[in-house]
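Notes follow once the structure below has been shown.
Think of it as A, B, C, D and E in the order they're written, each chain with its own count starting at 1.
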Amino acid sequence: MPLVHPMPRGRPPLGLPAWVFVPAAVGAMFVVLPLVAMLTRIEWGSFGSLITSDSSRAALALSLRTSLASTVLCIVFGVPMALVLARTEFRGQSIARSLVLLPLVLPPVVGGIALLYTFGRRGLLGHTIEVLGLQIAFSTTAVVMAQTFVALPFLVVSLEGALRTGGQRFEEVAATLGARPTTVFLRVTLPLVLPGLASGAVLAFARALGEFGATITFAGSLQGVTRTLPLEIYLQRETDPQAAVALSLVLVVVATVVIALTRRSRTAL
Amino acid sequence: GDGTSSGSSTSSSSGTSASGTSAALSGQITVFAAASLKKTFTAIGAEFEKAHPGTTVTFNFAGSSDLVSQIQQGAPADVFASADAKNMAKATTASLTAGQPVNFASNTLEIAVPPGNPAKITSLADLAKPGIKVVVCAPAVPCGSAAATVERAAKVDVKPVSEEQSVTDVLGKVASGEADAGLVYVTDVKGAGDKVKGIEFAESSSAVNTYPIAALKRSTNGSLAQAFVQAVTGQAGQGILAAAGFAKP
Amino acid sequence: MKLDARVRFPQRGVDLTLAVEAGRTLALLGPNGAGKSTALASIAGLLRPDTGRITLDDRILYSHSDAHSDTDSGSFVATRPGQGEWVPPHARGVALLAQEPRLFPHLSVLDNVAFGPRSAGMPRGAARERAREWLGQVDAEAFADRRPAALSGGQAQRVAIARALATEPHLLLLDEPLSALDVESAPAIRQLLRRVLRDRTTILVTHDILDAVLLADDVAVVEDGRVVEQGPTSRVLTRPTSGFAARIAGLNLVRGTAHGAAVSTPEGLRIEGLSDDTLGEGAPAVAVFSPSAVGVYLQAPAGSPRNVVRGTVTDLEPHGHQVRVHTAYLAADITPAALSELHLAPGSEVVFTVKASEVAVYAA
Amino acid sequence: MPLVHPMPRGRPPLGLPAWVFVPAAVGAMFVVLPLVAMLTRIEWGSFGSLITSDSSRAALALSLRTSLASTVLCIVFGVPMALVLARTEFRGQSIARSLVLLPLVLPPVVGGIALLYTFGRRGLLGHTIEVLGLQIAFSTTAVVMAQTFVALPFLVVSLEGALRTGGQRFEEVAATLGARPTTVFLRVTLPLVLPGLASGAVLAFARALGEFGATITFAGSLQGVTRTLPLEIYLQRETDPQAAVALSLVLVVVATVVIALTRRSRTAL
Amino acid sequence: MKLDARVRFPQRGVDLTLAVEAGRTLALLGPNGAGKSTALASIAGLLRPDTGRITLDDRILYSHSDAHSDTDSGSFVATRPGQGEWVPPHARGVALLAQEPRLFPHLSVLDNVAFGPRSAGMPRGAARERAREWLGQVDAEAFADRRPAALSGGQAQRVAIARALATEPHLLLLDEPLSALDVESAPAIRQLLRRVLRDRTTILVTHDILDAVLLADDVAVVEDGRVVEQGPTSRVLTRPTSGFAARIAGLNLVRGTAHGAAVSTPEGLRIEGLSDDTLGEGAPAVAVFSPSAVGVYLQAPAGSPRNVVRGTVTDLEPHGHQVRVHTAYLAADITPAALSELHLAPGSEVVFTVKASEVAVYAA
């Protein structure tokens, strides 16, 4: 399926240095070979029954729902965060940037512990949450929160990079044409940074979909409620590593399809 | 040993009585169980639901220490089944359990080797030979402390190439042939089917790992929780556990 | 709307004071790097001067001082303590056509032009309608549905002009609007601007004398970051006091001090002329005369012209039906016939003569 | 420590819509609160002795070494890959892009299994590797490979986004000035995409530093050789969750310092 | 180096054939959107024509056909089967100065100019030396250490010119190099180009007649994607056959069919003139005359001029010391005195007269 390419017809590629293709191919091989190796080890006989089992289907459905939800949350909160980091200057901005990056390097399991310390019954906000009658930990909400926590920085960092690379020349023009900041944001900034936002959203979605450590710690592993596909895979691995590999294949295929669909609908715009 | 035998006898009697008083049992419980119990407990849960129509048992499988900290943070758990006494002790110390925990199974170590046993391992002493790649659990995790115990008992000094985080990781290295041998539980060897071969060794008796289970104080369905504990320690449960290679506690 | 602006950027060596009366058009002339674009960007709100003050009627768009001001601090006036006033670009009612077209690459040409009206709250349909009209005015309806990347340089410039005009701002700032246009489009767009600017308050940066003459009521000449000359177009172009204004008006200008009705320069040059005002002896003055009033000889003639200046030809260029002969400071227009008679070429030594009656001398 | 900002002096920010700050603040809170909660739970008394223990120090040193090494590998292979994806058109490009994205969504543990299937003794290339006399399994090399495998896509995706956002107008100019593709790449493409490359490298470094699943599966866990800080943290957690949290704090601080140092040296250029 | 180019872009309606002899300069004139930049981009290798063929001396830079060619397929010629030849931009030895300066934002001005020499393999020091010289030539040494963002529009353009010239290419392509320059810089840069282009093979796109006259040996006029006129500069500008060339040369041109020494148009206009070649009766022909040869009256005069054309004044503009009066098709130059006597304003009905002896009639 050829990607619709924005490059105007008739414009020839400038030509990359030939040597570039060598490391690119090596890198691609390094990524692709393990996937091929994985494929060769799958027992295709039991594949069908395995991936259609109740628990697998429940886990897949849950994973998709929660990952999409947390990607949406990442966009809702991450786009403003990236904007503030890329387009304003304030005292302590570099500290703010570092703080936002932290979940990137926190081992996910520790991230889960931190979330428990915050939103758990005995956590920082536990009392508040209880008073509000909410039950967060060990619910599907907790899964979404865990995924959002780990995925958010991916969106913020890559989007901030894209915003800075793009510059603000067109935003300036829009302002002199009388567009208020909101209009500038919606009609100029956002459309122009769309490739960067798409990359960021893909990264966030992928990170959410693969999230394991924070989820098992903060949300637990209840079938249909908090046991996402990675958790199911982890459990399968206890007994049958090959089943885990087969399930991963499902995860990979689903992710690829979702990503391809978003790309397609974007280029179709 | 004492509490356990009494527990198992009570359970077998209440197991029969359970079918008589099943009208009293209804509702839903969540069982927090060690990840290594996934296969067996899922089967026990299914039997249990069949025996007590109208009840639902859901499971939260994870590492025992994860489970304890989740319970400590207020997770909605009714029953806790730990893979070692140490983590159960954390729960009892924090007065989270309803009554004394009951040991329901035990497990000993075995040498796991890849199919065909390429390094020709026959005894624990072979693991100390130079050039043999051995993986064990890290001393911080239950199977690792067990491994250390047997090594000490057998006066064998194994130099592992890796001290893994869990039994599963050890099995993975052995099954893939990456390591020549590993120390894991009997049940793990059995569970792995023909992907690894088990080699028993005498010194394994020096480290017996026991699995305790307990209903929890905060349970909203205490009677159902107790009934599940009894089902595990009862005949049906014990049968399933034995089939998976677990020894009596 | 009346604009008053004082903007200072010490780092760029820019310190300009500009005023435009309501409804009038000010042409901003000056060499490259003089500070013209800097001035427009400051007034549009894209640059913050280091110090200064910009007002549109009574509204302060920018002021540096802490001095309090009692204007209505509407919702858009973000006042920072100790930093004076600052109205952000979008709230100024000022539209800027920058030196490059900068069309939004992701919008069609039509939506580019409709952007301003829509930003002002016009519904999409009406805004497109308006945009189509303006595209018609710049003869660009044909491109309405294209993306900007598919336009030629001149086409893009025309669309950018339509986009700026479609906003109907209080104050319009145009930075070299016609420089990319061909000889056929330029007059048409100039006509359009002439109609449109008649009752708008506008600042127009240009390097073309025609633009100044046809479009501007007033002219300000900027050199090295300072306004060196300002006044009604006709006065500045007929009686320039700055070298740049003279050059753009196609006149010779000699600057010096007044001695009677003559101007003498530090280099010892002395130009006699007619002075219509009484010049203080020794006061700064200029002598201005047209290149066509200059006679060119190889040897100093023995005739009436009282002004005789020697020089070396630096350049010859066609100028209408004549040829313009340049020396380092002065220019003369001669016929092609005279040119071939004199055998002039760059490097030739020549003598320029001007009758005193052709030279205007006035205070600088 | 204020970041040196590339925005020219005297250029006022255009102003963001005021509402943007609301979600940005909420998002920032969501990330920062758990970190604060974590801090409140640390037993500062034992903190010093804990993080200076032999095993902690060894793990930290190993983590830094391997993460930096794999970041370098990610740059060496990822930059050419991103270039090929962003600047050329070929049949099957979108498939290539999807394949490269896969490690993103593969649960890391499964990624480790796939690496075993490829580079392990009985893997696809196992024989070749043995013939070459190399020893990968249970070595530090294996750690670097695992980290590179999971981190590479982060660099590729974010860099591709930045390359596409940036466009190639300056590359065209360079070519018409006679610059060969290699010169264009080194003197135009690379410097102009530096903010995007920096973001990508930070993401890759962070991902490598936090990597756990693939490492434990593919490389094992031996102090000083393959037991990186996340593995050490995971082990500590078995016995003392608070110790794990304290160690995580070290990880976070180290990562922040490394990232800040790179940023600083970049802006200083 | 001799350039031969045939480039076709059916989608853009462009189909151009251009030739430049070694060492000569071709001025490319034409309205906005005619296809001038498209032609340059194709020759530089930034656009691939749909069909066509571009050669520089014997080297094929681009050819569409599958027809084999026996030129040396050096290392840079990437031949795709069935796609003809394609030399990538960097290997063509062609430097393009595009319509916008596009200075590298991350390099200093000096390094921008040194980029070309360094790409050609010159060591850094020597390249900077060379760059500094060229910056001097365009009077921009003062900015050597600045970043391009800190330049004004005209300053950036001058640096871009220096950058293009510093590469010393086989073929130089300049797209409106002088349009952003002020009246003081433009003549200086024009002088520079005149020196530099003397022995270089160059194509120069411009909208300014002065550039064509002073810099170009030949002129090609492009309209709607086609070359409508091509020849030595003096011939094209004195005896234009296209409306655009006449317009840019400041001449009136009437196109029609020949009837003796007269040209009649489909609209019924008939212009008598002097024909120096024998025109076939009914053949396409043009009548060309200068605006200064046109008399302007309110009523048709009873005099000798045999050509009398009625029209409505569309526009009045200053032109040197005279005023140019435009009607829809023709222009006339009159003195300001005459203007005020006639009370002309846009909309006035006028009669233009031209003596037949002032009209040149020749084949179109």
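One rule holds for everything that comes next: a contact is a pair of C-beta atoms (placed from the backbone, for glycine too) under 8 Å apart; a residue touches a chain by one contact, two chains touch by 3 or more.
Everything numeric in this text was worked out from a predicted model, so none of it was measured.
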| item | value |
| --- | --- |
| Number of hops, subunit B to subunit C, where each hop joins two touching chains | 2 |
| Chain whose average C-alpha position is farthest from subunit C's own | B |
| Length of the line joining the C-alpha centres of subunit A and subunit E, rounded to whole Å | 54 |
| Between subunit D and subunit A, distance of the C-alpha-averaged centres to the nearest whole Å | 15 |
| Subunit E, residues touching no fewer than two other chains | 45-46, 88-90 |
| Subunit D: positions in contact with at least two other chains | 14-15, 113, 117, 123, 172, 175, 180-181, 184, 192, 234, 237, 241 |
| Contacts with two or more other chains, residues of subunit B listed in rising order | 69, 172 |
| Complete list of chain pairs which touch one another | A-B, A-C, A-D, A-E, B-D, C-D, C-E, D-E |
| Contact set on subunit B toward subunit A in their complex | 30, 32, 35-36, 38-39, 58-62, 66, 69-70, 72-76, 168, 171-172, 175, 191, 195 |
| Partner subunit E, residues of subunit A touching it in the complex | 9-12, 14-15 |
| Residues of subunit E defined as touching subunit C within the complex | 30-34, 36-38, 99-100, 151-155, 157-158, 175-176, 179-187, 191, 207, 209-210, 213-214, 244, 247-248, 250, 290, 292, 315, 317-321, 326 |
| Subunit D-touching residues of subunit A, taken from the complex the two chains share | 1-3, 5, 7, 13-24, 26-28, 30-38, 40-41, 76-81, 83-84, 87-89, 91, 93-111, 113-115, 117-118, 123-125, 148-149, 152-154, 156-158, 160-162, 164-166, 168, 171-172, 175, 180-182, 184-185, 192-193, 195-196, 198-200, 202-203, 206-207, 209-210, 212-213, 229-230, 233-234, 237, 241, 244-245, 248, 251-252, 255-256, 259-260, 263 |
| Residues of subunit A that touch subunit B when the two form their complex | 113, 116, 120-123, 126, 135, 137-138, 216-217, 220-223, 225-226, 234-235, 237-239, 241 |
